[in-house]
Structure formats: structure tokens, C-alpha cells
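Naming follows writing order (A, B, C and D), and every chain is counted from residue 1.
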Amino acid sequence: MKILYFAWIRSRIGLSEETVDLPDGVSKAGELLDWLRGRGPEYADALRDASVVRIAVNEEYASLDAPVAAGDEVALFPPVTGG
Amino acid sequence: MKILYFAWIRSRIGLSEETVDLPDGVSKAGELLDWLRGRGPEYADALRDASVVRIAVNEEYASLDAPVAAGDEVALFPPVTGG
Amino acid sequence: MIRIQKEDFDVAAEIASVVGTDRSVGAVTVFIGLVRDINGGESIADMTLEHYPGMTEKMLARIEAEAMSRWPLSASLIIHRYGHLQPGDRIVLVISASAHRQAAFEASEFLVDWLKAKAPFWKRETTPEGARWVAARDNDAAAADRWTGEPRPIVV
Amino acid sequence: MIRIQKEDFDVAAEIASVVGTDRSVGAVTVFIGLVRDINGGESIADMTLEHYPGMTEKMLARIEAEAMSRWPLSASLIIHRYGHLQPGDRIVLVISASAHRQAAFEASEFLVDWLKAKAPFWKRETTPEGARWVAARDNDAAAADRWTGEPRPIVV
């Protein structure tokens, strides 16, 4: 599974992209977030407030309940500010 | 008093502009319209339907009740279609 | 700024002059009205725009002043052409510049709605059946009237 | 049409390409978003726009398709820049072309509202206190949401 980070989530984690094996017990986006928070203090800090974390699975906006699977591209980013 | 005609009111009357002495008994725009209608069949035809005649006195939209006086510039035209 | 002219205008140059060097401008909205090749189901060969010199300037200046008083605009522009035009030709240009987009969009829509309802211009079209004066559309009056109620609050 | 690019764009050339030779177009509306030299009371020296390549194209294409399905448009265009920008620089261009102005205005406003709420771009500004990520504005979400109710009837 490829995970992408953007904007201040990217800066806080210090990574723009990583590839991980789908962890055991993770089948939904929210579970993936919980698992990532446990990877280290920079992850916990960047992903602490779920209300400002947007999730996209395979380039589509997704909720915490959305299914995730090995091979998916999951992106985590703050609310968008283009335009 | 200068009277200007525009668009199809101008074409029907066959005049774009004329200067008339303020007729006796005319002190409002509606009275001027009535007087003009009596000047000939082309005037009567052009000004028959007051609902499609717009009046401007000294370059300001005016109602049938608006006062008109010698020296005024009165314009008669159909609803505008610019833009 | 308002201009009434026979000649075409340069949209990019006009946008640049409206924005100028004002770096507080975050949103520019532009409306361009063009001559269509069909109207009311009839094909249009060409068009002549007549206007009332003097009153036209006065009305456009007043409409622009009204927009400037209703919205926090940095600048705005109305250019309206008259004379002989053909399908595809530009008739009118409206530009509004503001810090944020809501004011810029609303102001341009207002300027177009009010100039269509109030500025003394008349269109005469040539169709295969001959020339005809364009009739005013009821919904242009309705579009102008919708600006008389309570304004939508401006969020800056 | 949608484009995501680092380079600036030529507004007049883009308008010409949107209208093309379609003489049924009577109304063109344009929105240009610019970098402001002040935001939230702080002066802005420059800005960097980050985006999510792939998802950005997908979202903008979907937003444009939604506008084309809601309004009778002849054509539309969204160009969004990314990378390093300075105050006064153009960020985004939206163009809508239609027979009549109501559709063109509403479509451009919709396109801007939805791209601001949905397209994955993020702005980072440099202020005298250092660089900061721009926070999303609540009223951008509200502006996007107002298009979910019943549409205003289109009069043609």
C-alpha cells in the first residue's frame, strides 16, 4: 500500500510518500489512521485531530469507514486551500 | 423644448429630433405624449401603447406624471435592449 | 470607469488597467457579451446598436457608482459598444476587481443586469426576413429587480 | 477543458480558445484568482502552491463535467497553477461560455466554489513571521454547499 502525505501533514511527518504492507487488522481508512498514529510521535502529532485530516483512497475522497486494501494508494492531507 | 426619438419610435415617426414650443396645457410628460399623438398618424402609431414608451426628461427616466417645462430635453424610446 | 465606443476593446489590456498595481486584488470577474448568430430562432446576419449619447454615460456612471457603494471593489469597468456589429463581435465588457470572489462575482452580475435594464441602447438585427428591432426580454427586468431586496452578506 | 501547470496563462488567448468559432455564444464569464500581498492582516512576500498530481486532474475534470451537466454551456475551462508565486501573480483561471449570461455567471461561480472546496491544492505563504500553511476558510465550504439545493431555473 502506498501512502502519500501533503502540506503540513507531509512537513510534520517529514515524508511525502511511503510504501507499507497492509497491517494486520486494518481494513478501513480510520483503522489505517490509528495504526499510523502508533508509528511515532511525528505521526501522532500530524494525525492527532481527525477533523483536519482528509483522506483519499485511489484519488477519491473517502471517509474513515471506507475500505482500504493492499495495492491501494491512500493520501492524507489537510483541508484544501487552492483557488 | 427639444424632443428626441430613438429606435422604432424614431423610425415610425420618421424623426430623430425636433424642437417645439411648450404647447398650452402641457405641464406633465403624459400630457406631452397626448399632444404628440395628435400631431399626425405616424405619431399616433408610434406612441399608441404607452406601456412600451419610456420617457426621459433631461436624461433621467421619468413617469407620465413627471413635470416638463420649456427648455427641457425630453426623450421617448422603447424599452432598452443593450448589453 | 465607463466607456462608450464604436471600436472593439482589448480584454487583456482592460483587465490589466482595472487591476493596475493594486496587490490587494485577489479576484477579478469579467463578463463579455457577444453578438450571437441566432436569436429567437432566426439567423442574424448583422446588428446595429443605437444609443442615447449623454444619457448613456450618465446611466452607466450611476450603475457603476451603485456597484462601488454596494460591494468592496478595488475598481470596475464597463465598456459598451455601439454602431454596426456582426456575429462573434464583442458588444459589452464588464470587469470587477475585489479582494475576494463573492464581491467580484456579485458586482459583475449586478452591473450587467442593471445596464441591460437601464442603459439606453437598442439593438436592430438583420435576419433573412429583413431588419427588426430586438424586443426587451421580461426576464432582463426580473434579473435587474432581484438586486432590490436584502443583499447577501459579504464575507471577507 | 482543464489544465494544471506551473506557467502563467494568457487570458485573452484562453478566452479565444474557449469561444472558438461558436457563434451561438452570447455570454462569456471569466474568473481570475490572484495572489494578494496581504492575508489575515499579514503581508505576504510569496507563496508556494502544492498539489496532488493525478487526483487534482481527476477532481477538476469531474467539477467541470458537473458544471456542463448543470448548465447549457458551449465550453468551459479551468487552469490552476502550482509552484512558486508572488503577489499579483495569477493563480487560477475559470471561463464559462453560454448563449445567455445567467448560465455563464452561475457556472463560473460554481466552478470556483467547488474547486476551492474539492481540488487538492495547498497554499504556503511567506510572511514577516516566517512561512505558514494557509488555513481553509469556513465560508469556502459554505459557498460550495450552496450549490447542493434546488437550482435557480435557467431562462434562455
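The definition used in the following text is that a residue touches a chain if its C-beta (ideal position, glycine included) is under 8 Å from a C-beta of that chain, and two chains touch if they have at least 3 such contacts.
Small disclaimer: the values here were computed from a predicted structure and weren't measured.
Which is the least count of steps on a path of touching chains running from subunit A to subunit C?
The fewest touching-chain steps linking subunit A to subunit C number 2.
Distance between subunit A and subunit B based on Cα centroids, please, to the nearest Å.
73
Nearest whole angstrom, what separates the Cα centre of subunit B from the Cα centre of subunit C?
27
Report, in whole Å, the distance between the mean C-alpha point of subunit B and the mean C-alpha point of subunit D.
Those two chain centres are 48 Å apart.
Could you check subunit D for residues that touch two or more other chains and list them?
Subunit D, residues with two or more chain partners: 33, 112.
At which residue positions does subunit B touch at least two other chains?
Touching at least two other chains: none.
Touching pairs of chains, all of them, please.
A-D, B-C, C-D
Within the complex, which stretch of subunit A touches subunit D?
4, 6-8, 11, 56, 59-61, 75, 77-83
Which subunit C residues qualify as touching subunit B in the complex?
Those in contact with subunit B are residues 33, 49-52, 54-55, 58, 80, 91-92, 112, 115-124, 133-136, 140.
Where on subunit D does subunit C make contact in their complex?
Within the complex, subunit D contacts subunit C at residues 10-12, 15, 19, 21, 23-38, 87-88, 99, 101-102, 104-105, 108-109, 112, 139, 143, 155.
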